């Protein structure tokens, strides 16, 4: 596998991220900033029986951050709190250089070697976690 | 000339310093501390027509400081403001490694090489200067 | 030896195009050697010892203060060692700030680094002051025409960057000083970005405080200077309490030492100060007319090159007047982190982000910029490598 | 290689008997090399860059935080880098102090270093607090029996030295913690003199803050640590304002980052932190059981030798229990500067003076003491040279 950060798969995740924008009204919402780079992420959720029924994400950040939001747009609907925690765990695993169980996260494997970019990937997932945890 | 700090001449200046103690009442008095080593000097003066008529010095400090007070005890009576300034100038010269015009200061020549001790020698002279200047 | 050859890191990594000197410069062997000499032949604590190592350490430390004073045409009593620009500005915010009254006004600008914003906000909140900011022009300069409007009789301090760490713009300090003098305000200058670019007569600027960091001017991290006009420093209470800044301590009360010791509590960064002194001596030996010309030439080359790249927009002056070689730009909508990351693949070290100047980013509604800094050791090949890298960045990110 | 052989300065100056480690220790090659490696292969600013040098610098800097945390059994979020003990204590005085109300009480002791006195006096004056001091026994220990009397329901903080830099006495922190807990007060420990003498589980002490300096524990000057219990740090406002300690800055207001970043404004002393991390790794590799035994043996040799010199009086515990190898003494009425100066002629580096502990000097009505410190690299020959030198000092000064 190439260690090239900006592969087709990652660019696609970023550019074709479903569920961009805001969700109004929503049941839960979280906004997070990365103070070092100024990236900002907002996640809005609609919940039903403890599961994510719908969501939207708004990212002002780099491609890695956008691509991470792309994964959320594809994967997070249907998850409950535990499911979100598991997804975040998978993100940590891929950033530690391991093979993720979630196929879309494969595109982030080259990021493992770039510690300064880990937070770019984590930010949207942290926002997602905050949003489900608030509720 | 030996570069030995604690020569007979210096020890003698310190031990046999005339005019130790306080002068009460006095016309002028100055107390100075050296914050780095905690040395403390007090100079009391009686003045007449702008000249030092009598003085006393109280030193809580090292031998160099005591010896410097000893020079003052021997030399300062009779000096006016300018005379005190000249004496202080001589002290600076000897600490810069030059030959002083005042014989007693000869004993301080080895101090020139020990910058950390210059202030020990200067402190009593500074106090003397402050005392005449206050007046 | 060429200038570049004096930098061990640049020599050992010839594929590196280091254009991030605005964040931290590289360091010449002369400075590294001065530090190592201290650590291996003179190391001891300063001021309080009479043994030969303590004498040597004190001599080296105070000698560094002399070297720095000489380089900036200042006197040694005006050189206060701090851990950097940030610490120097915070010192003034506390010690000078202790004399301010509710309703007093402080003027900064929209272009400032967070280090020259946050300490004043905190002071404002502590003492009930008013904090105002000079706006920034579309060209990326502080708008000095606004001085008339912003300065009042309540203005006590103007705190302003000599050179912007984002746009490279150099401010006309004479105008600021005149406006401040007119209302009796003091002037603090954040010189962090100015000092790496050559000698400076600080007292001649007519300002009251001048702050800078060693790590941007070829010296170690963790050391910096607050230059203060003597009467200002003498009038100020201390900031930090501890050893070395006292005249006499009892359990009840403390008498403070005169400046600069009053503001240097605790064991100082001795090796850092020695490194900064060596950096000043090193800089003093260079031909700054030639270097300034070369920096200008390379800045021009960079600006010309950027002008030819589609989608690139420069944030800051497009000309070479009143600017240093700090050049910020945007590549279309691409995030500066992604741009910097791709440049890195070409060995080009640039900084991408908000550069600790978020209010300026807000002013231009930007997430950040990519920033390249021209330093005395920069060569045309470095600039060209950046331009080549940008081509790839465009392909990938556009 | 013996331990001593790892210290370039000691190797290159075999006639030196360095007994001034209480002021600043010497530094092993492992630490110097770590710093040089940073400066020549990784130098860049941290946190804000994505290029490979910035990545390497950030990795080395944050890796140092990990090494330090591990060495002190702490977690990395609790390790705040400062420029030294003095800065760490001032940080607490400002940030923790911001939560105190007029009439609240702070307890220090008569044995403290100025660094642990003056910041509290300044805080007292800023906020109308009451500052109390535990007395010192004739043996040169903090009198913990006075805790009952001095502590009240208004006591908010006890700030105390783990080991005295004058008498070498080690305080029974468990008693202090128990007394503080009983009234709900926090405990700050000045660990400057404790940390050079071996590993320590800081969280297990039960205290709230622990401050120390790198330069006394085999690391560079200009770096130190404030360890703070996580909940304490999280509850505290920042001290210095600037880059890196923010979450978001506008011209109007600023949101602060979580600890430890909240307390690390500005570009940090990167090489210093890396040096301190290397010092912790170096210390972690030593056999501290053997070293402690040897330090004890040499301290005993010194105390025994001093007991045989007429006119010598030791200020501090005469036994080896609950003390480190910091030994202070007076030679008749001789001024400690004169004693230290004569010792220097024998290659013996001792400190003479008030050791930034004037209240303790006042307590014993002394101008100062001569102080020798036993370190891991101290040998019997060093102690013996001191005793020989003292003989001459007696002849000259008596």
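Things worth noting here:
Letters A, B, C and D name the chains as they come in the text, with residue numbers starting at 1 for each one.
Basically, a contact is a pair of C-beta atoms (placed from the backbone, for glycine too) under 8 Å apart; a residue touches a chain by one contact, two chains touch by 3 or more.
All figures in this text were calculated on a predicted structure; none of them were measured in a lab.
Touching chain B and chain D at once are the following chains: C. Between A-C and A-D, more contacting C-beta pairs join the chains of A-C.
Centre-to-centre, using mean CA coordinates, chain A is 37 Å away from chain C. If you average the CA atoms of chain A and of chain B, the two centres end up 76 Å from each other. Our note on geometry: chain A versus chain D, Cα centroid distance of 45 Å, whole angstroms.
Centres computed as Cα averages put chain C at a distance of 30 Å from chain D. Looking at chain B, residues 36-37, 114, 117 sit in touch with two or more other chains. For chain C, residues touching at least two other chains, in rising order: 48-50, 54, 244, 246, 248, 337, 341, 352-353, 358. Chain contact topology: the protein chains form a pattern that is neither a line, a ring, a star nor a complete graph. Every residue of chain D that touches chain C in the complex is listed here, in rising order: 8-9, 12-13, 16, 18, 20, 23-24, 26-27, 32, 36, 39-41, 43-45, 48-54, 83-87, 89-90, 93, 110, 113-115, 117-122, 131, 133, 213, 215, 220-223, 238, 240-246, 248-254, 265-272, 337, 340-341, 343-344, 348-353, 355-356, 358-359, 362. Listed in rising order, the residues of chain C touching chain A in the complex are 335-338, 341-342, 352-354, 358, 361, 367-368, 396-397. Looking at the complex, you find that chain B touches chain D at residues 5-6, 11, 36-39, 60-65, 114, 117, 120. By the touch criterion given at the top, residues 33, 35-37, 114-117 of chain B touch chain C in their complex. Against chain B, in their complex, chain C makes its touches with residues 47-50, 54-55, 58-59, 244, 246-248, 255, 257, 261.
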